[in-house]
């Protein structure tokens, strides 16, 4: 299949939708991103690439970084990571405290904020300089250290009362070991990573390739872990719309409020679509539609 | 791969676990099923079969019938079925009323009781004799009308106060059109279907085969619908343990409190494992373990 | 104090508000009650009476009957009644199922529907003809059998899916002993009692008088029970606005969706105000305001 | 009535219960308080006093200080205080975040932690030195500045992750204006006030006396405000047991995890009972029983 012409035709088809939705506005650095942008890129596990639109425009990856956090967490502690974090869909908004209360401080999964904050706590316990470990991961995944947007990280920390509430709440159940401020700082730092569609389609190749980074052959996680990260992405990767994504898109995805959605087709490729306008579930309207079109046209789906 | 010897070895391996868990005891007909039974069967889309243990012992399929209901619902009304039923995991116990309240009578998905009752209501509106339509479906799927256990249906109806609460509650939001008693009767009737592992592995073949029944070539649902039923099974098919199943088993499954779990490997086969002892999430302890072993040994998983 | 002129002046003062709010419309017989009506009546424990407006117009007492049910329940079984029903405010809408779920079928108090249904179940166990016992109570309280509106009772039963859900749900926790239909029938029957402000101010005299009916001296409940019914009225008698009523009105009240509010001033008198327009909490807008004015003008309050 | 001999007899009657329950153990300074203590004191509005047991032993007043905070809040801003804080019972544990979420950051009442934190925020906006205003209040109420236990305040601040979660959560709804740390510091400071039964029975006299401090005649709040504080105490003053207290004790009460319960009999007197052993609702087992006995013996109750 000619993926380049397919991406081109998808870019043409979604063009009229660009501008739909609402750019995340809770911090100034995100609010001022122009909504009228769209990019898409893919990279197959045997190294073919294709891209269309603003595929090389950098954006804030935000919650897509939760997959990186989970990857580092599994590298550092293996399955014991799951002692403090579940693998169930949440059935509630991504930053809900309700379930945390009835489940005594064990977040439902690593892709809601509560769970990602617990992963950050685990990384603080595992590494002397966890922020540096994050940066390094970029080198392993796409040949260059990840870049952070310090303004975003700072704003996120200064205005992130909901996240501060989550960490304090979890700590009240003794499920956070490190200092509240340190956990928040690491979390905000990871969310501020800046990347392009092309870079992310490259970086997450290991998830489509049994845990081994295509090209370099570097083993990032073991086969079973890769399979399980994909499973958690499918059931929990797109906030409270995960069922809808599984139903309509049918492949593991992780979205971020910066407008990116990374999608994994196991054994085949990784895609990244991006457009800043979000729907009411916090997922990019246009990136979502682009992935749906891709799946429909190619028949690629896990089901 | 030699599936027969694989199933044999799995049956041997799980034998020491048989008897773990607790037989469903809310109606006498289920409570008196001996716990010490285990069967497993598979059928590939090209017609190969394998089976081990009590694969030909009939049991009450219970919630596995929700997949049949959904199939009939999609046959009868296509995507409009989804106007009254969501596709999101519930994040709560399978018979919870809490979410129904905040979501104003629209059940989260067709595999929780509330959703299956809504499907039954839709079937009552679509067919003059919906119970007969259910029976007929058996003929289409495995060559013989489905068999019902009237005692189970009657007990279920007489003691099913939670289901009666659900139907009345949904009807209070005007999301049920038919008479409360009729909806309950149809639902209890479908839950009382009796089948064997071998029969179910045969019957659900269309889900692994793009909607077309292997062997007969009968089109049961269209390709996209088959894909989407699988997706809902993966995200919602095993009560509140769906995330855990996706994580550990990694293929679409639907379980019932009779102890059966049906699993679909798209493009490959359907399996059915059965053992009456349930864990605290309502899923068969031994059937679950058997499927995990199958997936681990074969490497077959959607991820 | 000249209560007659006070009630007259209150009637004048609230006159411009009459018509505010919304008449209960869930059954036809209630929906067609003209909104532009208001009555108020009081009776002191030493027999003085005063009344203004439509004080002798009959209306459907609806949830005010829950006080009668509680009274009969305490007569029949004393404090053991409380084994199945709590005394805590609910903090949720009056017909919520959420709390019932987390509290395993024990309603929070006898003045939410769930609790009143449990009281009805207790009366069915205690009396051969509980509906007749209700009627008789009228004779004890104000010299004439209570009158029922059979059309209201029937409509209520036919459309009361939420109540049917509640009874079935509670029965699923084995906290209802009698037949679901019988419980619903008794409950709908008691709600359909028809009375006037004057009659209710008379009937509830025992609550202001230590449990003894003023005039006749009939002992209805013991002193402590009277005190406790008043306490439950204050904390739970006005649906989810009980705190607000205690704050603004400061005396035990019980309201009904027919527009009546009965208020008890212990040691002094009983008032009944009525006007069909309800606010969003289900309490009569004008009756509420009239009681606030009464309390402000007289300085009578329990606090 | 001879109150002194009544308190003596109550002290004798509850003596065998002393030691029941569990001392609050979430901070060391509270955990090391010996459980085997009990005191009770009262002061009528015309100046008569009576006391028994450890009535002059100082203890940490903890949540009883919420009444002081509310008093200062009403002094500073009058009814506008209620724009950010409700007056409804919570129906959930005193430090629950669930209701806050569904009610968008407006706490149900000023006596749950969330509400008291909002009051502290209001005091920070109203006063340059709110902590000093608290201390001064003591001078107005019982002739001497309140005394604080700095160790308790510090421990409370250091370990109070749940309170930190609450403030951050409320601030995420923009319902807290001041700095999170400042709000927590003021709140922990007020909770650390140390006083005796005798002092508290004296200090809260204004609530039994229409807002005017008995003896000095100082106007603390206006008559209506006093009435309303009493109402909120009755409906919300004893955590999730408020309905039970109203039912059994029948007078406005405010309890604290230090083991104190302050009770107001409007027009008559204020009582304070104290014993460190708490029941599972966070109320002192023995103090509660002592107040029940007092009410039963005297017949004093608001109902």
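Lettered A, B, C and D in written order, each chain numbered from 1.
What we mean here is this: a residue touches a chain if its C-beta (ideal position, glycine included) is under 8 Å from a C-beta of that chain, and two chains touch if they have at least 3 such contacts.
Bear in mind that the values here come from a model prediction, so they are computed numbers and not experimental data.
Q: Can you name the chains that touch chain A as well as chain B?
A: none
Q: Please decide if copies chain C and chain D contact each other with the same set of residue positions, more than half shared, or with different positions, and reply same or different.
A: Same, since most residue numbers here occur in both copies.
Q: What's the distance between the Cα centroids of chain B and chain D, rounded to whole Å?
A: 55
Q: Quick one: chain C and chain D, Cα centre-to-centre, how many Å?
A: Computed from C-alpha means, the inter-chain centre distance equals 32 Å.
Q: Using Cα averages as centroids, what's the distance between chain A and chain D in whole Å?
A: Inter-chain centre distance comes to 47 Å.
Q: Of all possible chain pairs, which ones touch?
A: Touching chain pairs, listed by label, are A-B, A-D, B-C, C-D.
Q: Quick one: in the complex, what on chain C touches chain D?
A: These residues of chain C touch chain D: 86-92, 99, 108-109, 226-228, 230-232, 234-236, 240-244, 246-247, 250, 252, 266, 301-303.
Q: Hey, which residues of chain B end up touching chain C in the complex?
A: 96-98, 101, 161-162, 164-169, 171-172, 180
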